[in-house]
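By written order: A, B, C and D. Residues from 1 in each chain.
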Amino acid sequence: MNIGFIGLGAMGRGMAQQLLEAGHEVTVWNRSPEASEALAEQGAKVAKKPADAARHEVLVSMLADDQAAHQVLVESKAVEAMKKGSVHINMATVSVAFARGMAALHDRLGVAYIAAPVLGRPDVAAAGKLNIIAAGDPAQIERVRPVLDAMGQAVWPLGESPERANVAKIAANFMLATAIESMAEASTLTRAYGIEASDFLDVVTNTLFASPAYQGYGKMIADARFEPAGFTMRLGHKDVGLALRAGDEQHVALPLGSAVRDRLLDALAHGDGEKDWSGLAEVAARQAHLDKR
Amino acid sequence: MNIGFIGLGAMGRGMAQQLLEAGHEVTVWNRSPEASEALAEQGAKVAKKPADAARHEVLVSMLADDQAAHQVLVESKAVEAMKKGSVHINMATVSVAFARGMAALHDRLGVAYIAAPVLGRPDVAAAGKLNIIAAGDPAQIERVRPVLDAMGQAVWPLGESPERANVAKIAANFMLATAIESMAEASTLTRAYGIEASDFLDVVTNTLFASPAYQGYGKMIADARFEPAGFTMRLGHKDVGLALRAGDEQHVALPLGSAVRDRLLDALAHGDGEKDWSGLAEVAARQAHLDKR
Amino acid sequence: MNIGFIGLGAMGRGMAQQLLEAGHEVTVWNRSPEASEALAEQGAKVAKKPADAARHEVLVSMLADDQAAHQVLVESKAVEAMKKGSVHINMATVSVAFARGMAALHDRLGVAYIAAPVLGRPDVAAAGKLNIIAAGDPAQIERVRPVLDAMGQAVWPLGESPERANVAKIAANFMLATAIESMAEASTLTRAYGIEASDFLDVVTNTLFASPAYQGYGKMIADARFEPAGFTMRLGHKDVGLALRAGDEQHVALPLGSAVRDRLLDALAHGDGEKDWSGLAEVAARQAHLDKR
Amino acid sequence: MNIGFIGLGAMGRGMAQQLLEAGHEVTVWNRSPEASEALAEQGAKVAKKPADAARHEVLVSMLADDQAAHQVLVESKAVEAMKKGSVHINMATVSVAFARGMAALHDRLGVAYIAAPVLGRPDVAAAGKLNIIAAGDPAQIERVRPVLDAMGQAVWPLGESPERANVAKIAANFMLATAIESMAEASTLTRAYGIEASDFLDVVTNTLFASPAYQGYGKMIADARFEPAGFTMRLGHKDVGLALRAGDEQHVALPLGSAVRDRLLDALAHGDGEKDWSGLAEVAARQAHLDKR
């Protein structure tokens, strides 16, 4: 298909590359031009401005957060430049409120809008193995199937209302945060009784919790290596904040979310915003004074 | 080997059976005699009192909690009846304080003491596939290897101090509790936005959290079937309490543990102590008034 | 002095009246005209639009929240209508971010800006006995002293940066919320042991906590009368949210704030947004199932 | 009256002195004899062992905690030595479970038992101005009125069941803990915005919270002087633990209690167990990294 692609960060570049490899015609735009150039060598066209990337049958966008999405897609008039009958697949992790506003805006403009946030890190994106949570008009999701299939190993449909995909993604990240904090607390407790973190985490991540998330973050905690970050404290704080806000709006308390948020704040206060969020184990150890005893 | 086995509850009977099948000579004792009789048909001898089961080369005990272990092993004089040089493998989930007291008692009596709590439900026990966390004198653990191997698929050694095995088991159960509560909160949040719990949990337990614990409890939450219980709220409350107490003693805060405890109390207050602890999803829904809206 | 007064809600009308009684010349504006008319009978002039009230030596505003303040003061161009050298006393409880934006806006327009939120309920406002927390240029605060003195029994200066007064007011309301929740939890605990809430609260609010806040809210809890509300759950939720956001921005965790927020969400979920926030005692009782046992 | 008095710690010695000054005949016992000797100079008789102090019409005891009370009153056979028809006034802060056990024991021995824990610090005890929370047989409370009146400014009766007085005292201390933590969090928040803790606390403890508890602890926080302690972190941790346990037993969650407990654990982990519990302000500042920024 004829695809515009906006946002070539760590995730986006791998996803755009998969689209090229699947034989789609892709026009890319990125704030800093280096990423575009790299893809141009692989066959992508390079748009001069967001609106130029938006004038295709399908627009895929993968931006960092509400603010970036607002600037690059709305303020730049990219969305307004889309043709009637085309479809926008927004794959960013954005707030529920923003998702709702975007759905209304596209509706007004006569453009289909699919929210399709993803589960998976940059290496998974580069391998085309993402899990894609999708919500929007089912007929439109079917229409762009080839696009989604090129980027992901599976598509998980969650109904017609786009915001549902976003809230599910936010809830999944909330669960990741609590899983990490759970390992942080449990390994601090067992360390206080003389057990090496690696010994304890070895047991649980090979038995009850033998899943990618626990094993990946468990290894970082066991090795006490929190840099380079896969996903930063800063972003973790942002995403747990999105979950708390989504809960607030619908009067759903998330006590585990509040507890994790407070620990993330401790990390940010100590200047660790760019460390991996598995560094929550450091916060737990510091509060228990195990960092120095 | 010549083995005494005390405690034929849902877990113990499967474990004792595995010992028989592996060709060991087993003398059993249980408070209610029915369980002993069933094993007698499979070749076990039946002891008249705990002390009679304790007079063997190896004593294995699998009792419900501190109180039961104290009554059946200590007050009954079973431990005192053990022969010098024999070894006691205590597989119950007990408190750190109790574990410490038991270690000291056995030391005084000249009997080896191994703490060997297990991960796994009754069906896993019956299949001889438990994961066994073991701590105690390594030479003694080696000596009883055939016994442990008959009951488990793997032995996870955690050093010489028996209490370490207990604190690791307590920490693992704490992690289970937080994982369930995390699913409870996340599925309540997504339900508030119109997503069926089964649809959301389908995504996460087949991607990020594709592990036995999440899948088993996730299914109970998705189906809203909390009876019959695999592990009750009452026991969950007891175990989270053990974790909080273990943390308290070493000045390690477990904020997630406190949050789960409060939700478990809500369940107990509402008379749901005998429901499965995945019923935490009901508590989350009730507090968000999603049970009736 | 020649004063414009915007916002004649439950608080504002009493404050404006005190200004009239102190002999100031007051021009009022309010969204619904009834409140203005009542004050006109006491000698106030009535402005046709916010900007007309803003063209005086001193502008006092008392609006409900960020949104109301933004609409009535900024969007309406009232602030822009102020004369150079005049001074605006904003007495509303607004967010830190909004306070910061207002300070910058006034600075740009050459108008002095004093943030002066108040402690006290409508009856206290009507009696001119408010406690006024003030921040801004000290010379300007001195200049408007007669205005502040007419409305309050004391002025508490907190430095030059206006946002400080707002964060102090937010922190004071946070403390109120925790005091109420503390009474809610303690009286639920003692009720579970058969002590009437009134008996327990009688002890503590006449000894350790013999202060207006505890005695006022303690009486509502003891009587289980949460309507009519002095301060609603909805507003309490808003204000605790302001505290959490202010903390978030500076990386200061407020664990008590998160705990209270979750209880307020339970109240809102159950349709109790317009009850007095001392109704937190009902939430505590409901979670402990004391409402029905 | 003829009174035995056991336990001459910081609180007990002032209380015993008041009894002497009121003209009662007092026989004292204390673990370390110095305290007894000081009172002997004021007219007290000195008992050689607890049982000797117990053989009077009225026994008053004021011991540190469950453990001390158990050793000195039960193990020493002091309670057994009491005469039928005499009455024991236990003024210590003990757990609900211990209170219940004591009530049953006295009942069996035919001795009246009044639980009468107090609100007030040593200086208040020395002045005879304690607030006394009393529960037990009303006729017996009336009988010992002169004794209670000599030690306190007011007696607050809470019914026949002695444990009620203890749970009320525990709940009152829980409220103190939350009040201190609330000041700790609020003053940390305002400090992060550049407001001196003393300036903020000055406002709130002279307006909304103008009560002894807030003013006393507020001053310690404002001055950042946490030694010498009026009431230590260690004791605060013990008392909040009693509240959580009392809640646990009756299925009443105390979310504020859990939050404070975690902060107290941070203090204990950092070696601050003997500081005053208003030092919770240091914990809040440390977690927000305000101790060093």
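Keep this in mind: a residue touches a chain if its C-beta (ideal position, glycine included) is under 8 Å from a C-beta of that chain, and two chains touch if they have at least 3 such contacts.
Because the structure is a prediction, the values reported are computed rather than measured.
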| item | value |
| --- | --- |
| B-C compared against A-C, more contacting pairs | A-C |
| Chain pair equivalent in interface to A-B, over half of contacts matched, among C-D, B-D or A-D | C-D |
| Remotest chain, chain A as reference, centres from CA atoms | D |
| Distance between the centres, which are taken as Cα means, of chain C and chain B, whole angstrom | 52 |
| Cα-centroid distance, chain A relative to chain C, in whole angstrom | 39 |
| Residue list for chain D, restricted to those that touch at least two other chains | 247, 251-255, 258-259, 262, 265-266, 269, 287-290 |
| Contacting residues of chain B [partner chain A, same complex] | 96, 119, 131, 133, 154, 156, 158-159, 161, 163-164, 167-168, 170-172, 174-176, 178-179, 181-183, 185-190, 192-195, 199-200, 202-204, 207-214, 243, 246-247, 250-260, 262-263, 284, 287-290 |
| Partner chain D, residues of chain B touching it in the complex | 241, 247-248, 251-253, 255, 258-259, 261-262, 265-266, 268-269 |
| Footprint of chain A on chain D - complex, ascending | 255, 265-266, 269-271, 287-290 |
